[in-house]
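First chain written, first letter: the chains are A, B, C and D, and each begins at residue 1.
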Amino acid sequence: MPSNRLHRALIVSHKPVGRGYYRLVLKAPEAARSALPGQFVMLRVSDTLDPLLARPFGISAVISRSSLEILYRVVGKGTTMLTTAKAGQSLSLLGPLGKGFPRPEKKTVPVLVAGGSGFPPLHFLAQRAGSRTHLFLGARNKECLPPADIVRSFKELADKVHIATDDGSAGQQGTSTDILDAFLTKTERREHLVLYACGPHAMLAAVSKIAAEHAIPCYVSMEERMACGLGACMGCSVPMKAGGYKRACKEGPVFDSREIDWSEQVLLKLKR
Amino acid sequence: MPSNRLHRALIVSHKPVGRGYYRLVLKAPEAARSALPGQFVMLRVSDTLDPLLARPFGISAVISRSSLEILYRVVGKGTTMLTTAKAGQSLSLLGPLGKGFPRPEKKTVPVLVAGGSGFPPLHFLAQRAGSRTHLFLGARNKECLPPADIVRSFKELADKVHIATDDGSAGQQGTSTDILDAFLTKTERREHLVLYACGPHAMLAAVSKIAAEHAIPCYVSMEERMACGLGACMGCSVPMKAGGYKRACKEGPVFDSREIDWSEQVLLKLKR
Amino acid sequence: MRKTKDNKSAIRKETRPDRIGKSAIESPDLSIDFAGIKLKNPVLTASGTFGYGEEFAEFVDLNKLGGVIVKGISLKPIKGNPPPRIWETPSGMLNAIGLENPGVDVFLNEKMPYLRKYDTAVFVNMFGYSLEEYVGVAERLDGAQGISGIEVNISCPNVKAGGMAFGTDLRATFELLSAVRKATRLPLIAKLSPNVTDVTAFARAAADAGCDGLSLINTLLGMAIDVRCRKPRLANCTGGLSGPAIRPVAVRMVWQAARSVSLPIIGMGGIVTGEDAMEFLLAGASAVAVGTANFINPRATLDVLDGIEGFMREQKIADLREIIGKVDAG
Amino acid sequence: MRKTKDNKSAIRKETRPDRIGKSAIESPDLSIDFAGIKLKNPVLTASGTFGYGEEFAEFVDLNKLGGVIVKGISLKPIKGNPPPRIWETPSGMLNAIGLENPGVDVFLNEKMPYLRKYDTAVFVNMFGYSLEEYVGVAERLDGAQGISGIEVNISCPNVKAGGMAFGTDLRATFELLSAVRKATRLPLIAKLSPNVTDVTAFARAAADAGCDGLSLINTLLGMAIDVRCRKPRLANCTGGLSGPAIRPVAVRMVWQAARSVSLPIIGMGGIVTGEDAMEFLLAGASAVAVGTANFINPRATLDVLDGIEGFMREQKIADLREIIGKVDAG
């Protein structure tokens, strides 16, 4: 019973793409075939026991019928180690995992909001959602934006890319939520808009609030710490308004923003 | 106070050389300059915490004024990981460590006895000792002998290379100690012979016994498990006939075979 | 599969003369009788690391396992601790899940039917916040079908009351296990805490209370701090350390316990490979459980099983009894 | 350097108003007053991992360290355990050296003169096989020059009598430390065993016995087995687990102890980097000791020191007091 979600994935290419990011293309035909925007994979960065756990990464694109793309930022031990993996080697890959973004309906105008390193799953969504898409990108400064190539790719895929930086070094000065709010306020026909957001918790809470104020549906991708990715360890819990927790890896990572208990969430997680 | 024994050593070349061995050439000028046959280095095989400890390897040759050679056999986690290090990368190297073989005197005829993967320090000794040297190599079968290139190099360096295999698949049938004993028995002028041995403990004990029977000086290199290589952890102890222990990394790894308490040694260590 | 509980204390099974010799080694016998429960092989899943089986059925044919030990069950549903609940450490991880579970009734109605479809032993890990709750769960499990045994968790470091509070007090351990013993006829396995000075005293208390086996070890109590935020990495502050990092402590405790009581032991703590499992068997465990390794490799249980079988072949060992407890400790 | 022991229980040092503000952050103040002993900085060497200082002098300018804690010393020379004495484990190592040492007289005559040449605090780790031996060593050290304090090892897991036998029994701990207390006027630091159910009880016993500080943790008792030879990897059978693997347990115990007694603590267990050290300081340690890391990097102590200093600069922390015990545990 070899599962079709556990793979030795061949590294097709692996290159730095600027601003601290790497682009990793993996050959994993079954995963590539079934992957949906918003889903993720767990990658083991080495065969040693330190680091021990696999790392979760969103799928940023399906490149061909057999390959998928990961865009990752080097932030710590695991991602640093991952950078040394060479094309031709293979990595243990588990996925696709989780539930993706609900598929935009025909008339929907998807509004994507990315903060920090939350853009990869949204890139895949843009790839699938077609040209009506709006993308909001926010960062502290120009250097913290996604790699220039990715911004370009977004510009090709989407109708419009709106950029904001705290210091005004690129796009408008402000946060992505500031310019999102302004955009929503001035947009007249809001009934087809749906928000899809991924980024730090504080930003997701803010987006969620704006969505509620404008009465627009909003889906957020919650990047929690994960051990198993399979719903077994109960480590990736997201607090629900209705009480209790749901698992980001199984019932998520994408949730309807109204389901989530943002008060507790924001309180506890201001770190990220 | 940067010590001249702690280095980031550049990998000059790193290749498999057959029979499960790799040849690693490291640029470490200060180490190369001062290294003596019988000394060793501690190499960290990766920057992760698993495997945690550095691995000890004898110096098998000094290649140039700035480089030294390590010959290692892939036996476990650390050596497997080491095989992935590429020329151009650098490794943390501590050494040269320990006391080497006492330098053969002018008239000495060095008789080298290598068992298992114990030949690398003897290769360096052969390199320095000149052409009077005799070498005895023993292994279970042909495939367990040192790599063919190394055997060839020994043949160039030494006066005579005597080979024995348990199954007779190369050289004479028997153990290296069998043919050593026969050689010593038939050699008439034994007063200039000095034995230098490296290999499994059981073999060293046997060589030591033969040396005593023939009243020939004998130096053995004791490859104990090591943590620090610096005499601090007290982990690498060798039991002494006079009582107590000495540290292989500091007072050794080379000892006069008469100093060692072989009874306890053999009893406890038959595993290796 | 019939799950008998006669001949309780025995780890042994009848000798089968027809399986001795060369042919036996080509297909070594991995079956064991654990406290009267027949297991196909000694590889189980550690509680809390394998869900209720279903989560892993895509990767592991549950029929191939010696048994499944399910995530801990309590009388009422439990919400668990707030996140963050996990943190990675060198060769290990900390968790403070807080025993989130749907409660014994939902477990019996929604999870057991799935597990009953398989021909594998099911062990239900359970706990309570009071002696009465422990007894309550045991009573409900007693009547249920398809349960091979109960693993009583008296060692969870992640809940304030209950859990470890019982498992680190000798008298409380004895009283609790005695009460649970009265509440069920199912084989009882006490899961001991490693966070004690002398694990053998607790092993003896479990034996005295009438338990049929021991599980050890649960996680070591640990803590990690985010030095920039100056906050614990876990919302619960402390958590349980598991994974390869703790294996030497686990092997030691299994060895100590095996020498001090005659109960069969399920050994666990950092098992990733067949060789790791062999260490526990040699130390005296009759079975092993794979925990954290399931997270890094969903097929870890089967890899461990293959590893044990391969090892037995290589070493020409026909029967597990030639291994269990056979370390030569001088 | 003058080593005073006035104002014993204090971890504090006088405020220096001239060092507050921006310039202070550019060169943060790492000095501390540990139990009345002035240390240049909080980085010490863990006993048994740094020899008697000399072994590392080639790599580390001892004058730069907060202090050196030497390998454990006993009344008479001790031969130690037979080999094998060490074994590597995931992110850790087991050792059963058996406290090999040349005895207190040789130490004072041959090792101390070397250490006295340096302007760094020297702590002598010591132990005995009986209360009388502990007292005997303490008496000899009391008269000696250049010793800043005594670290009493009541927690070595590798000797049958003595060591851990004291450290896992509350009453024995109290009696032993009280007796040693009477035998010397030097600052006394009790090195506690982590192999206990409740480390805070032992911390209190040490405080009650008049100790001036605590060291924790010593190694966790562990075991590893060579599955092919069916023998323990260590001739001593069990050994002490150290290294990054045990860090979460160590941080937890320091945190627990710091909350239960007011004695200053030397925290240790798996420290490799400055950030690792910061975890211990935030958990409540006033100083840290680097152990196993010295084996994988002989300059580890200085790297840890640089890491702490760099962290303080980055975080604009002028003084260690802004860190010690400052974890926000909710």
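Basically, a contact is a pair of C-beta atoms (placed from the backbone, for glycine too) under 8 Å apart; a residue touches a chain by one contact, two chains touch by 3 or more.
Computed from a predicted model, the values in this text were never measured in an experiment.
> Write down the chain pair with more C-beta contact pairs when A-D is set against B-D.
Spelling it out, more C-beta pairs touch across B-D than across the other pair.
> CA centre of chain A versus CA centre of chain C: separation in Å?
37
> Between chain A and chain D, what distance separates the C-alpha centroids? Give it in angstrom.
Here chain A and chain D have centroids separated by 45 Å.
> Note the residues in chain B that touch 2 or more other chains, in rising order.
49-51
> Would you give the residues of chain C that are in contact with at least 2 other chains, written as numbers and ranges?
89-92, 229, 231, 235, 243-244
> Taking touching chains as linked, do they make an open path (line), a single closed cycle (ring), a hub with spokes (star), an all-linked set (complete), or other?
Contact map by chain: complete.
> Write out the stretch or stretches of chain A touching chain B in their complex.
46, 48-51, 77, 81
> Once bound in the complex, which stretches of chain B touch chain D?
Chain B residues touching chain D: 1, 3, 5-6, 44, 49-54, 92, 94, 224-228, 230-239, 243-245, 264, 268-269, 271.
> Which of the residues in chain D come into contact with chain A in the complex?
For chain D paired with chain A, touching residues are 90-91, 244.
> Spell out the part of chain B that touches chain C in their complex, as residue ranges.
Going through chain B, the ones touching chain C are 49-50.
> So in the complex, the part of chain C that touches chain D is made up of which residues?
89-92, 94, 168, 195-198, 220-225, 227-232, 235, 237-239, 241, 243-249, 251-252, 255, 270, 275, 278-279, 282-283, 311, 315, 326-330
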